[in-house]
Amino acid sequence: MDAIFKDPVLLATVVGTSLPFLSMAVILIFTRHNPMLSSRISVTSIVVAAVCALLNLAKVAGASHPFRFETAWMSSGNFHLTFGYYLDPLSALMLTIVAVIACLVQIYSLGYMSGDPGYSRYYAFQSLFAWAMMNMVIASTLLQLFIFWELVGLASYMLIGFYYEKFSASQAGKKAFVMTRVGDVGFFLGIIILTLGFGNLGIPDLNNAPGTGTITTGFITMAALLVFCGVVGKSAQFPLITWLPDAMEGPTPVSALLHSATMVAAGVYVFSRIFPFFAASPNAMLIALAIGTVTMLLASTMAMTTYDLKQVWAYSTVSQLGMMVMSLAAGGYFAGVFHLTTHAGFKALLFLCSGIFIHEYHTNDMRVIGKQGGRKQLVPMICITVGALALSGVPPFSGFFSKEAILGALNAQANPIWLFAGLFGAFLTAYYSFRLIFHLLFPKGGIEEKHAVHEMDSHGHKEEHHGGLFWAMAVPVMILACVTVVLGFAEHSLQGYIMAGGGAVKHASTAATGGAAHGVVGHELLVILGISAGLVGIILAWFEYGRKGASRNGFLSYFPPVWKLFDARWYMDAFFRWFLDTAIYSGLTSIFTRNDRRIIDGGIDGICFFTETGGRLFSFMQSGMLQYNLLIMVLVAGLAMLFFIV
Amino acid sequence: MNSLNTYLIISAFLFSIGLVGVLQRRNLIGMLISVELMLNGANLNFMAFNRFLTPEPVVGQIIALAIMGLAAAEAAIGLSIILALYRKMHSINIEQAQRLKG
Amino acid sequence: MTGFPILTAILMSTVFGLLTILLIPPERTKLVKQVSMFWATVGLILTLWLYFNFDHSKGGLQFVERVLWVKSLGIYWFHGVDGINMPMLLLTAVVLFTGVWTMWELEYRAKEFFALMFLLVAGVYGMFLSMDLFWMFVWYDVSLFPMYPLISIWGGTRKEYGAMKLTLYLLAGSALILPAIIYAWVQGGAITFDLFELQKIGFSLLDQKILFVMLYLGFGILAAVWPFHTWSPVGHVAAPTAVSMIHAGVLMKLGAYGILRIGMTLCPQGLGYWSDLMALLACIGIVYGALVGLAQTDLKYVIGYSSVSHMGMVGLGLATMTVSGINGAVFQMFAHGVMTALFFSSVGYIYDRTHTKMIPELGGMSKTMPIASAFFIIAALAGIGVPLMASFWAELLVFIAAVQVFPVGGIFAMVGLIISALFMLRVVQRTFYGERNEKFGHIPDVSPFLAVPRIILIGVILFFGFFPKVMLDVIQSAVIPFVGSF
Amino acid sequence: MMNDFILFLPEFYFTIAALIYFGLSLKKTSEPWALQKWALTLAGIGLIVTVAASRQQGMLFFDCYRVDLFSQVFKVLLAMGTFWIIFSSSELRGIDGRQHAEYYFLMFICTLAMMMLVSSVELLTIYVAIELSSYSLYLMVPMRRNADEFSETGVKYFMIGVTASAMMLFGISLLFGATHTTYVSQIITKLPALFGQPVAIVGLVLALAGFFFKLAVFPFHIWAPDVYQGSANQVTAYIATASKMAAAALIIRFSALSMGASHELVNFLIVICVLSMTFGNLVAIIQKDIKRLLAYSSIAHAGYMLMGILALDGRGYAAAIYYAMAYLVMNYACFMVIMKIADDGHNLQIKELAGLHKRSPLLAMTLMMGLFGLAGIPPTAGFTGKFLVFAAAVEKGYLWLAIVGMINATISLYYYLIVIKAAYLLKPVQELPAIRIDRWTHAMSLILVALMVYLGVFPDQFVNITEAAAKSLF
Amino acid sequence: MDTSSSLTALAQAAFWITIGFTITGACIAVFARNILYNVLGLALALTGVAGIYLFLGSLFIALMQLLIYVGAICIAIVFAIMLSRPLHLDTPPRPMPKVVMAVAASAVFFIGLAGVALKTKWVPAIERSTDYSVVTIGHMFLTRYELVFEVISLVLLVAIIGAIITAGFSRRLSS
């Protein structure tokens, strides 16, 4: 106990990561009926957590080696588990991202969620999420990480299904939980295999393991792929993509925080966390690269057909996550982490802006919002455009830098197909982002004034009611916009920070990029290609949606089957549904249920029935006819005698 | 001829024929008669063993006497029970007495 | 042997409870409940005291009481606690305490109800405490037969059928156990029923095989081993709340405990021979229970099948014969006990108020009774195996052992995790989410008084979820030497 | 001489009691109430006398008659059974009030006969005693009045009885022929050497047939259901409890003749043991009349008792004696409740028990404990009895027999539960008044319950007694 | 020699005739349709058995057989017949399956008993007294079989009382 107070880093960590849990407990148990107090408690705790995280970020920068605190948690036979904190640059950075964005989102929610009947509950779950996520980030062992990873999933489930009266919301929550669970089981199995084969789940120990030669590459590949299953589930990689778009049923701040900026990035985070371990297995890296690429392209195509504001960002999140996975799998460790950081910023920004629109117009449809005069909301409109530019990789916004870094990493791969895929993805990203922006700016058929007036009235009406609340939403948005603008320029200092301590990481990174150090194309050309991919996308979007007299249909509408394919998410949902319905529900479940009732249970009942029938049958022996009974008696005695004689 | 086995076979025959009677006579008194035959079979056994095997030839006789006494008592009881049944059922046909079953 | 016989005192707390309840006139239901509560509390306090005074660094059998009971047969009044039955005792005490509290609103024939309940729990305590085969069987049966009146008088759906089926089925299991116990006694020279003396004598391989399979099948019925599980859903559906709690929470553990304590202690090689079968049945049970649970429309059926699935986990853990596996199995017994008690207790509340437990008829209960729903949802989450709830650790350990010993089976069983998540969440969604159900709009939520027992259960789940060491150290102190003796 | 008198005291006492009632039967008037009270007093003193004589040992009547622990234990059981039955005879409405004196007379005579039966160690004495007890029962069964549908009972019982006794007599004659003696002690020494020849085993089996008839072992059980159903409740109870004791004793005594030397005998016993259990339990399932149900259950219980006996060693006999003891208590508990509920002497149907728990919680509990005891549920005496019996069988290597026995116990539980369900669960068609029970019945119920539990939980001293008793057989 | 052998032959003839009587009587007792013939058959068989007892060396028992069985029991049965059922009523024919089964079961029994008799090696006692006298019987009855003797008296008492009450001759008014 004393150790906590002696060590400021530990103290800050413990305080920062535990407060949200306390706040959740307090809210759930005591202040459920006092929403104001609940939100204050939660926000206070997360602010403290954010401050602590920033302090730690600074401390870690100054430290020569990572901080590591451990205490025994449980042991069973020769399996020992510790509970601990492992603060290295990566986790400190991630902790900061989580804490800060969670903090901003919670402040934002003060406005967004005001008046909701589940206000207290909302903040309780937010706190739960913050606690779990922060603990996951700084977990010192893979198992501890997994534990909080699951809790994060739980929080996600709760928050997606926040509007539980809505069937689609509860359905989406369930879907999210079960689909990530599919990946998690793989992760879990990976951890178990690591426990059995390696015996130590400490993250630094794992990362140093490949160098020592205690474990074979085959084992690493197997374990790494299993762990990667978890990544696939949590980061919505192919084939477990579809839960994430559905997860947008939750309140928008939740989408901003969990389903774009932080939680879904946890998968990527885990990948980068044990990156050296992964990197020791080229096969695993190749598979991860392929999956990342497929995910990115699939999600981008899906984003091109939807009109739902949040859906677009959701698909974009998936595709960006795919991009990060690509980057990491290609050996671009820093690029991946950097994109994670910038993405957290601008994606949260995009969602929060969308949230303001949604809050204002009570719809998710970009066409309706545009028609009703969405562009008149200056703050969100400007900020969303900033975010979209960053997403499209237009300089000087943060996205540009990180995307360039990723393209650089892809460029280092021997096979140029990855680079072209990356570029194509960048092009699609820009296209669908600006498709959305232009929908908002230049709605089809112009703004319907009548509605607008009405909306203005109601808007004004609202202003009177909670003017402060509007600013509770606007300020975080503006902060994030600023961050988006600025963050890109911090690339080099961040790189220095992240790569400082990680000898293993550096080693692994070079090993993974391996043979083609010089790249397929030159550096300058790459920059131009990157920018132009984005710009081409924006221009195409302008031609189709922005310019006067544009058709506003998109080129895809000329290919209805393709449109349909994209709109139906490549029939992945249909496939899952079909699988669940035929294989599970009407297949195994109904067969087993029938088996249970008819054969197993029926067998038992049958035995009872036979027993009773046996009783009836035997009772005929006891006929009322005396002499038949006597006959049996005599016969048995006689036969017994014969038996003894013979 | 005058060997133990002859007597034993005769007693076995008496016993078995008594059994036949018990098993197929419908008249209760007929059954009682058959039972008496069975008892006589057993009695004959005792007497035969008594004559051919045992060290004290008195014992078998005493047993036979006792059995006779018991048989008389048994007949009395049996007949009275049959009579009682006849008063209630107006029949001494055992095949009509099968209300209790199952 | 010196000092206060605390174990007998725990056992006697229920017997005295039974006797004092019998002396109360039946009209005074309030007094009956107070007395029941008193004795349940006494039991709980004694058990807690025991738990905290149990020296887990020393391990072994502690607080031993051993008196010769029947000389000519070698029956002993032999009680002791070690790491295996200590958690079970705690579980029993907690579930009894909360069970009595949960049934506070019972008015119909309350005296008989609580008397029978105490009789049942006396059997459970006895089985857990006793180390003498004869007494173990006696207590085992004592704990089974009160189920019949308890279910058939106070039960719900198809109560007479369910009660009859459950009682006969479970006692059919003891048809194998009793001969097995006697056989062990005979093979041990017909001089002692003392478990540990018999263990020392040691049996031939053939005897071990015979004995183990008999004990396994006999106790396995109570542990709801597939395919002998069908009594479990039927019986649980029929039983009243507290009985379901005790039955699913504690009684089912008796089966697994019997396999562990008698079967595995006496015939480790027998287990070695049959472990493949045991693991196979357990794995099938895990997946099968979850899959069948998917199709159920009755809340209690759902829980019943989830119990089948979870008890499969116990079986799988035991079959591995490793420290982790058995640790996990024992921990799972405890965790599942508390969790199921919570399940039934919250379903019981809903059923008491709405008079239905059919999922399609409910729906939107979260709006009507948020707290009651929260209890259920927490239990469901524990059932899914969400971390930081007690059952997570148990499953973790079981899977670690299972993947090591039975790789295919272990992975197969892990698939069950997905299905169990699917089916639990499906139930939660259908029952508690969705539009507010106006039919039950007027029903009040759980009162604070009635919420306490449920909160205690949740507290236990979370406490051991956060601090598994507290439990595992105790369990381990017995399991490590136990596994070493194989 | 005085010593001999003390040895014979219980028998002598019951002779006197019987003669007193013979005298009373000659009276012109009859007061059932007074008769019952006096009979109860006599039986109570008889019980005390028997218990007082229970530690006696010695030989009487030129070694025809042996007083030892084995016989005295059974005599105590018999006296206790008689006392209990007479205790319950206050509701003796099944028999015409004019015949009560004869009823008690016959009951005392029958008890006396059975006491002599368990002590006799000479074949002729055994035969005469068994006939005396049978005749008394033959006569008690048709005493039931106003029951035309049961009129055939007496004649069926009689006919089956005499046939079985003829068989037994034939068997005894064969034993006599084979061993040249009628003394059991001499037969024991001679018989084991004779098992190479069929006469020994056939003689033994045929002789056992008569006792199997008394114990209602399959296939000699056929009288039991009809007689249980057709007799007055008290008579049924007497047949079901006391008379079973004597039969069990006799079977033990005769099985002991083989000295465990005959494998064939064991096989025979196993077969009829399994058949008895299975048949009794299966057919009991479908019964509606409680007494008939208990008849089938008694067939099954005879099978369990045989399981102890077929071990053919001291422990097996001890187990069987213990089982008999437990069976007496449990069965009487059930019958007492039945007699109390059907206080007008009619035959109780299972459904008539509906609402019993309300009408009389104590009787309901006694019935439940009794039935659970019969089903072999711990901690009742029935369980310990079954346990000992199975232990004896398994010790001889018949593990499968114990499993069969347990499966049968499970089946039996089904129909016992049906009765319990009726008592505790079913709602009566119309509200019936509460059953008034006097404090004696009250006390008796509690004593019975306590006894059942005590026998089950503290079997030590009883096991010691039975083992000592079994030892005195050889 | 001759006389003795002729005496032996005579005795043998008498023996077989007695047995023939016995068997005939037994068959009549069992198979005749008329109940009165049955009684007569029984009497014949019992007399035959008495004759066999003579061959077995016991005049006393033979006399007793005639006295008790033929004299008492048969008469009692005749009385019972008189009391119960009019004799002139026709009885329905016997169902054949029942007779066959009865005969079969009895045959099994007979084979068993005969088998026992024939297969067993009967060993006479080494020392056999030849005392068949009535005096010894009486002596034995009062010494060794004293208990039997007394119990038989009880049996007869029971039989008398029982027969009276069972046959419905109630001796007193209802109270």
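Think of it as A, B, C, D and E in the order they're written, each chain with its own count starting at 1.
One rule holds in what follows: a contact is a pair of C-beta atoms (placed from the backbone, for glycine too) under 8 Å apart; a residue touches a chain by one contact, two chains touch by 3 or more.
Keep in mind that this is a model prediction, so the values were computed, not measured.
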In contact with subunit B and with subunit C at once: which chains are those? Just list them. A, D
Show me the overlap between the contact partners of subunit D and those of subunit E. A, B
Leader among chain pairs (count of C-beta contacts): B-E
Chain with the smallest distance from its CA centroid to the overall CA centroid? C
Where the centres are mean C-alpha positions, what is the separation of subunit A from subunit B, in Å? 96
For subunit C and subunit E, what's the span in angstrom between their mean Cα positions? 70
Between subunit C and subunit D, centroid-to-centroid distance (C-alpha), Å: 42
Give, as an integer number of Å, the spacing between the C-alpha centres of subunit D and subunit B. 26
Would you pick out the residues of subunit B that each touch at least 2 other chains? 15, 18-19, 22-24, 48, 53-55, 59, 62, 66, 70, 73-74, 77, 81-82, 84, 94, 97-100, 102
Can you list the residues of subunit C that touch 2 or more other chains? 168
Touching at least 2 other chains, the residues of subunit A are 608, 619, 622, 624, 626-627, 630-631, 634, 637, 641, 645
Output every touching chain pair, sorted by label. A-B, A-C, A-D, A-E, B-D, B-E, C-D, D-E
Subunit D contact footprint on subunit A (complex, rising order): 608, 611-612, 614-616, 618-619, 621-622, 624, 626, 629-630, 632-634, 636-637, 640-641, 643-645
Footprint of subunit A on subunit B - complex, ascending: 19, 22-24, 94-95, 97-102
In their shared complex, at which residues does subunit C touch subunit A? 165, 168-169, 227, 229-231, 234, 288, 291-292, 294-296, 322-324, 327-328, 364, 366-367, 381, 386-388, 392-393, 396-397, 399-400, 403-404, 410-411, 414-415, 417-419, 421-422, 425-426, 429, 432-436, 468-469, 472-473, 476, 480, 483
Tell me, which parts of subunit B touch subunit E in their complex? 1-2, 4-5, 7-10, 12-21, 23-27, 29-30, 32-34, 36-37, 40, 43-44, 47-48, 50-59, 61-62, 64-66, 68-77, 79-84, 86-87, 91-93
In the complex, subunit D residues that touch subunit C: 357, 361, 372, 377-379, 383, 387-388, 390-391, 394-395, 399, 402-403, 406-407, 409-410, 413-414, 417, 420-421, 424-425, 459-460, 463-464, 467
